[in-house]
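Letters are used for the chains, namely A, B, C and D, taken in the order the chains are written, and counting of residues starts over at 1 for each.
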Amino acid sequence: MLSLFALESVSEVSTVVQDANWFLEHAWIIPLLPAISFVLILFFGKRLPKKGAEIGITAVAVSFLLAVVTGWAWLDHRDNVVFDGGHSESVVVDDGHGSDDGYGTDDGHSGDATADEEHAIVVDDGTTNGDDRVSLAVAAAETGGKTEAHPYVAVQQTTQWFQSGGVEFGAGILVDGLSVMMLFVVTLISLLVHIYSTDYVGGDRRYTHFFAFLSLFTASMLFFVLSDNILQMIVGWELVGVCSFALIGHWWEEKPNSDAALKAFITNRVGDVGLLVGMITLFFAAGGGTTFDTVSINEQVVQGNVSHTALVVAAAALTAAVMSKSGQFILHTWLPDAMAGPTPVSALIHAATMVVAGIFMVARLYPVFFEGMSIGGSSINLLSTVGAVTLVGAGLLAFVQDDIKKVLAYSTVSQLGYMAMALGVGAWTAAVFHLFTHAFFKANLFLGSGSVAHAVHSFDMKKDMGGMKKYMPRTFWTFLIGSVALAGLPPLAGFWSKDEILVGTGGWGLFGGTGGNGAYTFHLSMGMIGAALTAAYMTRCMYLTFFGEWRGGHGHDDHGHDSHDAHDAHGHHGEPHESGPRILVPLYVLSGFSILVGLVNLPPGLFSGSAKSPASWQERFLHYMEPAGSSYFPAVAHGTPSWSLAIVSTAIAVLGIGMAFWYYFVRVDRLSKQTGQSLTGLPNGLTSRNRLAKAGHTLLVNKYYLDHLYTGIIAGFTKGRLARAAYWVNQNVLDRTVNVAGETAVRAGRVVYERIDQGVVDGLVNSAGRVSDSTGQELRKINSGQVQNYAALMFAGAAVLAGAFIILFAL
Amino acid sequence: MSSLLAAVSADADLMVAQNVFFALISLVMVIAAVRVVTTGNVVHAALWLVVVLAGVAVQFLFLGAEFVAVTQVLVYIGAVIVLFLFGVMLTKASMGDDESVVNERRGMAGMVGLLLFAVMAIALFDSFGDKRVVIDEPQSVNTVSDSIFSQYIVPFEAVSVLLLAALIGAIVLARKD
Amino acid sequence: MLLNQFLLLAAALFCIGVYGVLVRRSAMLVLMSIELILNAVNINLVAFGALTDDVGGSVFALFTIAVAAAEVGIGLAIVLLMYRNRRSIDLAQVDLLKG
Amino acid sequence: MDFLNDWGLTLVTFLPLAGALVMMAIPKEEEKVLKQAALLTSLATLAAGIWLLVEFDYDRAGSLQYVVDKNWIEVIGSGYTLGLDGMSLPLLALTVLVMPLVFIYSWDHIPSPGNAKAFLALMLILETGMIGTFVAQDLILFFVFFEVVLLPMFFMIAVWGGEDRRYASLKFFLYTMFGSALMLLGFLALFFLSKDPVTGELLRTFDMRVLTDAAGAGIVRSSQLLIFGGMFLGFGVKVPLFPFHTWLPDAHTQAPTQGSVILAAVLLKLGTYGFIRIAIPMLPEAAEAWAPWIGLFAVIGIIYGALGCLAQTDMKRLIAFSSVAHMGFVMLGIATLTDFGINAAIFGMVAHGLITGMLFFIAGSVKERYHTLEIKRLGGMLLQAPRLGWILGFTSMASLGLPGLAGFWGEFPAILAAYQPANGIPEETFRGYMVVAAIGTVLAAGYLLWLLQRTAMGEPSEEFANDPHITDVNRFEWIAWSPILFLIVLFGVAPGLIFDVTDPAVVESLNNCLQLPDGCEGVAAATTAMFGG
């Protein structure tokens, strides 16, 4: 079995360096640019010809380019960095040393102050791989003999921010596969969303503010993913939260929007209690009360120097933070509400980036969770269970939504559940990989839904959509690609990452599939159910939006709140038409990514036999991203992918699609054509059929009622009763609890204020006056304006006090 | 009270007469003081006050502070009381008995007074249980004046300024215009 | 003689004075009660001076007498002014501080 | 820099008083001249303060600088002792900075019933009192300045306050007097009981430096506890700590805007400053014993203040209640008795001074425009006065402890410090406090955002929709507010500016016994044995 202590022999060494490629060392420029852009837009935005959008786009574009180059530099660094003689050097970067004395003199983010932060670097000659350490064995095996000398080495740059009470607060960057990946995702999607927004929110009354906050958000998110210490993570975490608040409440004139913003912020704050408690526990238990450094904390945990109790507390508390930020049951309710914000915001913040902050945080502090939750060798734990429940629960909810953005929102919750579950079962790479692929196809879907809504001025699929395929073919195709990717059909992105998660559960024993860190059979089955659900609800969504006939356009007034400003600018009320290039181009780009990104982590044994050279496409993502073998990562085991699992899970997804397809594209569509209306479901499908008289005939007509069983009872129940019950629970129990908690807090506040504060505490003060006032008047009476009254009170008070002190001191 | 009695008995041989005299004066003073705050007639109150002030002067003599006693008689009984009487006349304050001279706060005020006295008494017994004052010889006016004009010159000047200010203030306030 | 006998007498005078200040309706009588309080303090000062054989006690008693004279002067002026403005020196009617 | 060394602190302390005296000579009718005089005085004080700040030797921030030590009241061994170290420096800076801003704001905001002369002069006297309290190094001097503050504030509330001003001012006055009386008793007890830790002789001094060095030596434990209790009440009322806070909402609600700002920005800090300057360094053993109670009251205050806020219908009262919660965080930091926690507390004081002061400025401006502070009737401020609304939003965010703004660095380190209080203090208890305090941040977000939503967001109510009086931030407001807004950001981004200054002084002030494994009790046993009680 895997053991913590197996790593002890090697992890006296910290596999973190400071010298590296210029771009890796200077990754802090990437968040800095949008931050500058924020300030510039804030002060000068309104005076510029494009109202500030140009600054934001330029800054994010440059950041994106830098992120790409940084990513490239990382790939190079990962493959070529060589350790020898106790220090590291980058054999390929020419200016790595030359820039040493030059950098950082003009800026506090890096520089000479880093010298004292230097981690000891010792040779890792690759021979320390224990026999039982599966992960390293795998890593070593797959990288081959030569690269054994190239362990995973992160790049860290730290400078002292300030110091208090003997504790140094650092600010710095930790560049490794995970952060590089996040840099790429965040900057790319942010750039696309910026471009998309110039059209989408064009003409909005707070256009400039919108871009300012987009910039601030991008900066905060990049700051967060680059942070090298947990304090910085908290800072970034809160900052993205406040940007989310500001952007959800972008149209704060309407109360529902500001309500949603408040709900988001306060729900997140609830989780932040966990974050604070967890991080503080880590700071003292693993950081020794002296350092916030992520790497040091992780190293301490990996080396087994931290008490298990502290880790359990920290992991559980941080799980609460994940539950709020990443929308896990039971704190997920804010996320669907957050759809009140503009759609580009939903795509960027509430689908691709901010909501995965929780997942990122778990991934970053993985040793804490791995040890604290005892992930290895177990078959259930808090994180994985929360993820699994979320995954299925939210998937069911997505069925009953009429609002296209809410379908996507629940879908996001569900997919985040996948990621949390993956982390919970020890499939680190799978989780991060799913985060990566999901960002693209979900942003694609959101932007696509925004494109549709832009055309029909509404988000209501049943009332205002239908048949959009005819009007918006390009949006349709991109949306289709996104849906297929989300549904997890090969070879699109979602398939690969979802499959890896299922593999990682270790619950599959057929055809040579192996266990990962434990036997998470329950989670495997939940994952399978989730796959079917995802496929089915996306099919429903596709049908309601793009097929049938357009149901809108008959003079209704309730426009989607999203688009009113945008619309008045356009001023058209005819048939919907395809969106402009600034909306479509981001969709194309994201569709492309949705198709392709799954290929970056092909499982071994696919397409290139057993050759595992760096040139192959197999497990590249794992190779570059997972810090396996580094000093700050636990010894996780990797499951071996199996064909059987891939086939079964695909079959399940197809089954989900098939059922939904049959219901909508066949049954409903047929009925629509019969009635000449564009229907959104079967009217009374259950009750209008099958009386006993024509049982046999009907049985045949209905194909032994299998359809009925599937669509009517199983799907109907699932889609109807169960989902509705789940939604009811969501709305009436969970949501209500949040509301009631809020109301109760207010009520408690009122009671405390009126009864205790004004009654007891204040009353005590008042009655002190009353006691001395023999006529027993109320407090106001002592304020009679008569000096003698005041004097009487004063003397009485003095006497009582003096008496009290005599009793205390003298007697 | 036991400590006081013990102390008194121990002291009896020396100071019997003095103590008896002190007790008498004190009794008179307390009674007079009570009358000051209870009598309905303002002029009577002023006269009872004279009794108290005179008693205080006697107490000063007991303590050997002759100069203070003399000043007390001169300034208080000579000037302050006269001032009071003038005030009584100028404000046409009631000369006869008047039930309403005491307000409705009587009960509370009594309690406050008793409480204060109790607290002080306890504190005094606790702190100065059997400290004795030994008066060898009265303070001469010489010593008093010497220290006023050397050690305490600054407060003295301050008091003189204060008196001047009070003088001007009283004129400004009472001026008719 | 015991120090306490003087101090207790002073305390009694002080408390009677306080009582007077609190209950008297006539401003004139309140002023007189204040005189009682001041005299009580004077007794204390002189008594402590005698205890420590220090002339400071007497000196400060003298100062107090001077200050008391000033106080009576100002106080009476205020009472006079009050009488002139209101035709009464009843403190129960003086409630400018009433909130 | 001899002049500065000898006279710097005296200058900065009494300059406002001198200004007030000069103003006495200016006729009442010359309002403009009076305002100029007051502003100039406060600016001169600010200049003097900045001069002190610039010349301050930051490498020796742990020790007192610009020390003045003159005889004052020899009879009781009290001296005119002034000094400035890293602990008082941020608070001095806060005071000299906030006052000119208040005077600028007063330029067109003299509250009714007018009389600028008295109003401004009182504020100058107040400034002398506040600065004096922060630089005094003698207990009697400290007490005098501490009390000097009381009267001007009383009059500001009683004369220029709202409808219920007399009640509020009297409550404020009586409450604080009550506290000060006990505090003075504590000071006297220190004077009479303290012994030299080496020779064991009675010290008979009010010199805070000497008493800090003595650290309660020679005082039996029970007396120490009582003395600390007296100070606890005295300072606790001023803070205000949970059960003693009821004067605060009334005083704040009734006080004129300037009064509220000064009250929130500086006055409340006198109490917490007293804790870290006097109570804890001088009586470490008692502090250790009291710490769990202080912590308890602090966290109750955090939750309780927040709940109180949620129940409010009046904006100013809400902000006032939020002070109770925020000062709870400060007190929690202090209660840990660690250098880390006390640094956080000082930061929290400065941050709270800036942020809550700013909130009161906003409340004053809202009142002036809408003639009401009832949250129900407000709304849509972001539409009618967008800049005012954004400033409110920004300040609310700062107040709820958003990282990157000043509030965070008062709050988070205090919570952090509660995980591991000084040795000898029960850890489990404080970890419980830590969780409760963290929950308090949720409530803080709740009430502040709720306030923001109801006042700034949405559409303006019909009542005010077309009111021409509702204008955006004016010139004087901009001048008065922008430094505060700037500092909120600056301290949020570079908290080291304060932490680096306070750290050495705090370390210096904390008695070593708090760092020992057994805490102070072990040491106390030894000293008691040495002096025989």
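Going forward, a residue touches a chain if its C-beta (ideal position, glycine included) is under 8 Å from a C-beta of that chain, and two chains touch if they have at least 3 such contacts.
Keep in mind the model is a prediction, meaning the values are calculated, not measured.
Note on connectivity: the fewest chain-to-chain touch steps from chain A to chain B number 1.
Once CA atoms are averaged chain by chain and compared with the all-protein CA average, the nearest chain turns out to be D. For this pair, chain A with chain D, the centres built from the Cα atoms lie 40 Å apart.
Chain A and chain C have Cα centroids lying 77 Å from one another. Mean C-alpha positions place chain B and chain C at a centre distance of 8 Å. Shown for chain D are the residues that touch two or more other chains, namely 166-167, 170.
Shared contact sites, meaning residues of chain B that touch two or more other chains, fall at 103, 105, 108-109, 112, 116, 120. With touch defined as above, residues shared between interfaces to two or more other chains in chain C number as follows: 18, 22-23, 91-92, 97-99. Across the complex, chain B is touched by residues 1-9, 11-20, 22-26, 28-29, 31-33, 35-36, 39, 42-43, 46-47, 49-51, 55-59, 61-63, 65-74, 76-81, 83-84, 89, 91-92 of chain C. Only residues 780, 783-788, 790-792, 795 of chain A touch chain C when the two sit together in their complex. Interface of chain B with chain A (complex): residues 103-105, 107-109, 111-112, 115-116, 118-120, 122-123, 126-127. Within the complex formed with chain A, the chain D residues making contact are 166-167, 170-171, 174-175, 178, 181-182, 185, 189, 223, 226, 230, 243, 246, 304, 306-312, 338-344, 380, 382-383, 397, 402-404, 408, 412-413, 415-417, 419-420, 434-435, 438-439, 441-443, 445-446, 449-450, 453, 456-459, 494-497, 499-500, 502-503, 506-507. On chain A, the positions that touch chain B within their shared complex are 772-775, 788-789, 792, 795-796, 798-800, 802-803, 806, 810-811.
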